[in-house]
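Shared between the two complexes below is subunit A, which pairs with subunit B and subunit C, respectively.
Coming up: the complex of A and B.
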C-alpha cells in the first residue's frame, strides 16, 4: 500500500519535473525566437533599400500632339548664360554636351564630350556666391544625347543616340542601371514621369513607353556615410535633414552624425560612470564594514529605479542651465575633489593614533561625506572667482576664442552626467558582485603570507575579479548606447559631427523615437530609420560578443583555484 | 512674477477687446444632440494639444457616453494616423504637404478634408533679460538656417550681429526649435527659411513647452513656438517682413493678418466625397464652431476664427 503511494508520488513528481522543464525550455526558446523574429523583421523592412532598380519595355503608341507623358518632365537644359559663366569660372573646360537642371534650378548636370557627367551647384542663395563643381560621375564613355531628370528626386536618365541608357542618382553618386533600351535608338524626344515610374521616347512617329521600378534610388553607401555637397550648402557635409521643404529638395539621410552622436553620448557617460562605479564598488566590496555595505549597496542599486525620462527632464531643464552658469566650477570640481580628498586623508593619517582608532576602518567613508559635499559646494561657489582668474571672466567666450567651440547649453557633458547617473548602478552592482565573490581563501592566504590589504587588492582580488569588472563596463556601455529618453530630453538633438564635450549631439535611438511616428510607411526615410535600428542592434551585439570573448579569456587566465 | 501678471492683464484686456470684435456674439451657442455614444481618437499636432484636450473635456461634459482620446506628438503624425485609421481627427498646425495628401489619396482615392479650427501666431521668443525688441524675417533666416535662401549674405552667430552692444555683443546666439514631426517646424521652415534647411546647430526639442522653457533658462537663447505657449521668463519679439514696421505677436495682429507669422490651425478628417461626416465627428465640429468652442480657443491663448469663415465652413461640412 505504502509502496504504491510512493510510486504514485514519484510519478507525479516526474510529471511535474517534465512540465517544469518543458515550460522553462519553451520560455527560453520563445525569447530567442522573438529576438530572431525581431531581427528578421528589421531586415525585412530594410532589404527593399538594396533592391536594384530596373527598366522594362511596356508598350508603343502613335505619337500625338501633346507631351510624351502627361505630367512628366522632358529635357530642361541649363541656360546658356549659366554654362558660359561656368566656363569663364574655369569649372567647365571641355565642350559641353546636353545638360539638365536639378533641384529646382539650384544645381545642373552637364554631360561632357568624353562621357563624364559633371554636377555644378550654387553654394549659397546670395546672388554673388559662385557655383562649384559638386561631383563628377563616370558614365564609362557614354556619348550622351539626351539628359532628363525627375522633378522631385535627383534621378537622371542619360540616353545615347544608339539606345544605351544609364540612370543615376546624382547626390547618392549611384548608377541605378545601365542597359541598352530596346527600340530607343535614334530617339527624337524623351520624357520621365513625375513620380519616376515611367519613361518614354519618341522615335519617328511612334512613342515607346517603359516601366521603371526604382523606389529607393537615394540610398547608397555614399549618401548614408560619406560627405556630399548639397545645393545652397557652403561646403560638402554629412547632413541629416529628413524632411525636405522646398520643391526639388531631397531628404538628406546621412547616418554618420547620428552614429557618432550615439558613441559620443555613450563615451561621456562612461567617462562619468566607469571610474565612479568601479572605484565605489571596489571600496564597498573590499573595505567597507558589512553593516554599512548592507545599506549602501541596495541604496545605489535603487538609483536604477529612477525612470530615465525623469533623469532626462531634470538634466535638460534643471542641470543644463546650472552647469552653464557655473561651468568653471563644474570643470574644476574633479580636480578640487581629488586634491581635497587626498589632503584630508593625509591630515587624517597625521592625527594621533588614539583619535583615529575611535572610528573603525570600515566606517571612515562616513567621515568623508561632509568633506566631499563641502568641496563640491566650494568649487561651484568659487566658480566666478575661477572664471575671473583663469578664463578672463567668461568661460564660454574663452572656449570660443581658444578652441573655436560655441558653447551649447544642452551638451555632451550634461548628457554624460545624466546618463552616467543612469549607468552607474549597473556598473557598480556587477563590479561589486564580482569583487565580493572572490573566494575568501585567496585574499586570506595573501594576507597570511604578509601582503598588505592594498597589495592583496591589486595583486589578488582585482585580477581574479577582472572578468566580472570587464563585463560590468561592457554592459554599462551597451546600456548607454541604447539609452533613448535621456539623450532625447537632455540634448538639443543637433545632428552635428564632432566629439567636443560642450556641443550637443543626436543619437540613433533618440532620432528613431522622434521621427518614426511621422515617417510615411514604406518611404525611404522609414526604411532608413529601420536601418538605424538595425545598426543599434549590431552595435550592442558586437559589444556584447566582444565582452563575452574577453571575459572568457580573462576568466581562463585568472581562474580562481 | 511681474511679467506674468502683466501678461495675464494683457490677455484679459485683449479678451475684453477681442471677443466682441471677433464676432463671438454672432456665433450660435452650442445645442448638444442627445444620445451620442462612442469614442473619438485624435492624433497629431503638439501645438494644438492643450486646445484639443480643452475641447475634448468640454465635449465630454456635454456627452458623458462619448470618450475623446488625444495624442499629440506633432503634426506629421496626423496623416499616418488618419491613413491607418488609428484616429478620426488629425489636428495639424500646418496644411498637409503634397506628399502626405498623395499618400492618403493612394489609400482611399480621395484627399482628406481640412477643417480650420483656430488662428495662431508663431512667436519668436528670447530670454526676458534680452534687450532685443524686434527682428526681420531675413535676420531670422540668417540665425536659423544653413542655406540662407532668403538672401542674407552671412550667418548670424552672435547677438552683436543682430545689433546688440555691450556684454551682449560677443554672446553666441543659441537657437531652439521644434523637431521635424512638428507643424510649427515646417511652417517656420517655409515662411522664415524660404524653404531652406535648418542649421545643424539649431536645437530640436520634442515639445513647444520645452522650447519656451529652454529659452527661459538660457540668457543667450532664441526660439520659436506657438504664441499660446508663452510663459514667464521669455519675451516674444516683434517681427517685420522686411517692408513694413515690426508687428508684435498679439491676438489682434494675428487675427487681422498684420503679424507675418500668423497661420490657421487645422483638424483633418477622413470624409468620402459626397457623404456626410460621421455622427460623432459632425457633432464635435458643431461644438468647435459654436460660441462655447471658440471661447475655449481664446482661453488657450489662440485667436478665434473669423465669423465669416465659420459660416462658410459650417456650410461646407453640412453642419
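Coming up: the complex of A and C.
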C-alpha cells in the first residue's frame, strides 16, 4: 500500500500499527481463553471426584504390644445377639461370616459365606421391625476373613485369607478398589487409620503398612442421583444434607432434590412467563399502534434490569403472605382474567361503531389496563367468597385433606410468579423481535388473499416466527434455571423431592450460594458444589446453543422468504 | 340431510373461529396490559413503600380494652391495617367475640424496646376505645434500642431541672440541648478517631520506656484524655424526663438521642424538612444496631467502588475484543467460535461466575499471591480470602459480553466509507482505529459500559461467594497507604436488602428499611439503563445523517 500511494509510513507509525494489531488480537484470544479457562477450571475441580482410589505397600515393622495403627480402628463386629435377631427376623438366611458396625452402631455390614456383603440398618419404618436390609454389595465371591470400617466414613475394607482385598463405600454402593494386597496372606489382625489414609495387617510377628489414597469415596452415580437407605430413615430416600445431623452421620450429597427443585422453580416460572410473554409480544409486534409500541416495548424490557434481589425480597416478604392470605383468589385469577377479558371484549364489540372506533385495535391495551387491574383486584378481593363456596372456607385445610399437601408460605407458586416476572422481559423481547421482523409482505399477501387478521397471524406470521419464539422460551428457561436470589429468598430452601406448587424447594444455585462460602476447600462437599455449578453451566450452555442455532435457522428462513 | 348438517356445522365453525380469533385478540391485548400492570405495580409498590419509609407519620395515643374491663394506654405508629377472618383469630387463640366474619387488625409500632414491652403489637380494631393524636407526643430517635415514644416532662442539666411542663419552652430548650449534645458528640468522635488514636499509636511505637520521647508522648495522651473527659461530660450533660403512655416516668439521657420531634404538631413544611433530612441521613449515614436501623452509606460506597473497579477492568478488554471481532479478525471459524462463546457467556448463570471466582481467583490466585508476597502474614489470608479485587474481577467477567455486544453493535453502525476514506488518505489501520473508528463508536462503548455497570450494580448472588459482608468495619478506600484496599471485604446494596430482609432479628422493624434500600437500588439501576437507552438513541441519530 505504501508503494501504491507513494506514502512512506515511518517507523514509529508502523510500530504503533503492529502493537495495536497485537493488542487487539490478544484481547480477542484472551476472551476465548478466559471462557475456556472457566470451563476447564470447573472441570479440574470436579475431576478428583472421579479419581479411583488406590492402595500401595508402604513398609513393615515388628509387631509391638499396642494397636497396629495408633488411633486406628480394628475389627468391630456386631453383637451375636443382633445377628441372631436378624436371623430370626428372616433377614439373614445364610451363615454369617465376619461383620462390622457402621454409622455409630446404627448399621452393620455382614459378609455371608458365598461372598455377598449385606448391610442392615436401623429404621424408623415400623416399631416392631427396627432393622431392615439396606443393600447388598456383590463382592464377586470374595471369601471374606476380615472386615474393618473407617470410623468417620462408611468405607469398609474386606480382606480374604489369601490377601485379596476389596474396599467399599457402602452408602454410595461403590467398590473403591479390588486388589491382591502384597504380603497380606494369612493376616491375623487388621486395622485402618481414623482418617482412612493407612491400612495395616499383622502376619505372624510382622506388621505390614499400606498407604491408601481415597479422598472422595462417598461419590458415585448412586450416591449423587439414586435413592439410598440411610440409618434411622423409614425408606430409601434421595437426601441432600451437607452438614451431618448426628454423630456418626456422613454428609448426604444427593443432587436429585436440588436438580428437581431447580426444574420445579423454572417450570412454574415458565408457566407464568411463557403464555403472558408470548401473547403480549404477539400483540405488541403485530397489532399495537407504533407510537404505543415505542413506549411499551422499552418499558417492559427495562424490567429486565430490575435486580433479582429486589424481586426476591418482594416475593418473600410482600407477595408470599398475601398469596397465602388470598390463595383461593390467586388460584381463581387466571380463570377470572380470561373469562372477564373475553366478556369485556365481546361487550365492546357489540357496542355501536361510534363508540368502538374511539379505541382502535392498536390501542386496546390501554382499554384493557383498568379492566385487567380491576379483574385481578376483584379476584383477590373475592377470595373469601371463593374460599367459602369451593373449598369449605379454608383452602390450606382443603389441600391438606384432599391431596395431603401441607401449605408452606414460601412456595413454588410464589417463586413462579416472581421469577416469571423476571423472565417475562426476556421472553417478551426476543419473541417480539422475531414476530416484528417477519417480512411485512408475507402478512400483507395473506390478508390480500382474504384471510382474517387472526388467520394471518396463526397461519403465516407465527409459523414463520416460531423458531424465534422457541429460542425465546429456551433463553427464558435458561435464565430461570440459573436464577439464584429469587429462589433463595422466596422459598423455604428445603431440599425436598416433589413438584407440588404449594411446597418449598431448594435449587442448585441457591444451594451453592448458601453452602459454598462455608465449604472446606478440597473437601467432597466443595467439589460436589463445583459439580453442581458445572451442571448449571453445561445446561445453560446447551440451551443457549440450541436457541442460537434455531435463531440462525430463522435468519436463513427470512433470507429465503 | 347430511350436507345440510355439515353446512350448519361449517357455518357455526367459521363463526366460532371468527369469534375465537376475536377473543384471542382481546386476550393478547390483555396479556400486554397485564405485563404493563405488573411493571407499574412493581414500580408503584417500591416507590410508595420506599419513599414512605421516611415520612414522619403521626403518633396515635390509643385506649385499648383489656380483659376484665380495664383499659391500657398505648402510644405508637399504626404501620398496617388488615382484615382477618374471625375464624383465623379463633384458631390463633384470640377471642374476637361474636360479630362480623372479617375483623380489622392494626399493627402498632410501640417503640421503647428497652423498656420491656414488645415493640410491635397487633390489635383488634374493635378493642380500641379511644384514639387521639396528642400534639405533645414526641419521637426520640436513639442510637440504641430504637425510637422512644413518650411525652416530655422536664429537661435536666446534671440533675438540676432546667425547664418543666410540656409547653413550647420545653421544646425549644430540648432542641437547643440536643444541638449542643450532637455537637459535643461529633467533637468527641473526631477526637477519638483523630488525635486520641494518633497519640496512643505514637506511644505504642516507642517501645522502651527509657526513651526520652515517652514522657512527651504520655503528656500528649493525658492532655487528649482530659479533653475527651470534658467532651464526654458535655455529651452526658442533659437528660430528658419523659412520661410513657401508661404514665410511667423515665429518664432518657440525651447522649444517645439522635433526633427529637413532635410528629403530631408538625406543620407541612416542617414535616417535609424532616422528611428530606431523614432521607439524607439514610443515604449518608452508617447502619446502626446490626443493620436494623440507620443509613446505608457504606453499602452505597461499597457498591460504587465495586462497580467502578469492574468498569475499569472490563472496558479495555471488552472494547478491544469487540474491535478484534469486528475490525481485525478475518471472519471465519475462529471469530464464529468467539461469538458463540461470548453469546453463551451472557447466558451462563451469574452464580457460576461466583463459583469460578471463589475457586480460581480467591483460592488459586489469591493463595499464590499470599504465598509469594504476604508469606509473613500466613496462615491468616490477605488476598487468599474473598475481597474487593476478586469480586470486581468476577463481575468484570460477568459483564464482558454486555460490553462486547454493545461495542460491536456500535462498530457495525459506522459506515464502511468512513474507514475506507481514512485508509485511502494514508492512515494506518491503527490510526484509523484510534482516530476515526473508536471516537465514532464512543457512544456505543458508553452504552455498553453503562449497561455493564447497571448489571454489576444489581448482581448479588456471585458476590455472596467472593467478598460481600453484612457489615464491614472499614470502607475499602481510606487515607492509609495504599488508599484503595483491594483485599478488603465490602458492603453492597443488593446484599444489604437480602441481609436485612431475611436475616434480621426483627423483620417488622426492618421491613420499611428494606423497601427504602430496594427503592434506592432500583432507582439507581433504572437511571443507568435509561441513560444507556438515551445514549444508544443518540448514536442512531448520529449515523442516520452519515448514511444518507
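Everything below uses one rule, namely that the second predicted complex is superposed on the first by the 510 of 561 C-alpha atoms of A that agree within 3 Å, B and C clash if a C-alpha of one lies under 4 Å from a C-alpha of the other, contacts with A are read in each partner's own complex, and residues count from 1 in each chain.
Note that in this section contacts are C-beta pairs under 8 Å (C-beta built on N, C-alpha and C of every residue); 3 or more make two chains touch, one makes a residue touch a chain.
Quick caveat: nothing in here was measured; it's all calculated off a predicted structure.
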item: Combined model on subunit A where subunit B meets subunit C, clash or fit; value: clash
item: Partner chain(s) touched by A:97 [first = subunit B, second = subunit C, both, neither]; value: neither
item: Partner chain(s) touched by A:151 [first = subunit B, second = subunit C, both, neither]; value: neither
item: Which superposed partner A:24 touches (first subunit B, second subunit C, both, neither); value: second
item: Touched partner set for A:329, first subunit B, second subunit C, both or neither; value: neither
item: Most subunit A residues touched (candidates subunit B, subunit C); value: C
item: Touching partner for A:307 - first (subunit B), second (subunit C), both, neither; value: second
item: Which superposed partner A:540 touches (first subunit B, second subunit C, both, neither); value: second
item: Touched partner set for A:467, first subunit B, second subunit C, both or neither; value: neither
item: Contacts of A:520 with subunit B and subunit C, given as first, second, both or neither; value: first
item: Which of subunit B and subunit C A:316 touches, first, second, both or neither; value: both
item: Candidates 97-105, 115-123, 169-177 or 205-213 of subunit B: the single one with C-alpha clashes against subunit C; value: 205-213
item: Overlapping contact positions on subunit A, where the subunit C interface meets the subunit B interface; value: 316-317, 488-489, 517, 521
item: Subunit A-facing residues of subunit B, complex; value: 73-74, 76-77, 79-80, 84, 99-100, 103, 146-153, 157, 170, 172, 174, 176, 179-181, 186, 189-190, 193-198, 200-206, 210, 213-214, 217-218, 221
item: Contact footprint of subunit B on subunit A as seen in their complex; value: 124-128, 230-234, 239-243, 245-247, 249, 252, 257, 316-317, 320-321, 324, 396-397, 400, 406-410, 488-489, 491-496, 503-504, 506, 514-515, 517-521
item: Partner subunit A, residues of subunit C touching it in the complex; value: 17-18, 20-39, 42, 45-46, 85, 87, 101-102, 316-317, 320-321, 323-325, 327-329, 334-335, 337-338, 340-356, 358-360, 363-364, 386, 397, 400, 404, 426, 428-431, 433-434, 454-455, 457-461, 464-465, 494-495, 497-498, 501-502, 507, 511, 514, 518, 521-522, 525-526, 528-530, 533
item: Subunit A to subunit C touching residues, read off their complex; value: 5, 7, 9, 13-14, 16-17, 19-21, 23-28, 30-32, 34-35, 37-38, 41-42, 45, 275-277, 279-280, 282-284, 287-288, 296, 298-300, 302-303, 305-314, 316-318, 337-338, 341-342, 344-346, 349, 361, 364-369, 371-373, 376, 384, 393-394, 421, 424, 428, 452-455, 475, 478-479, 481-485, 488-489, 509, 512-513, 516-517, 521, 529-530, 533, 536-537, 540-541, 543-545, 548
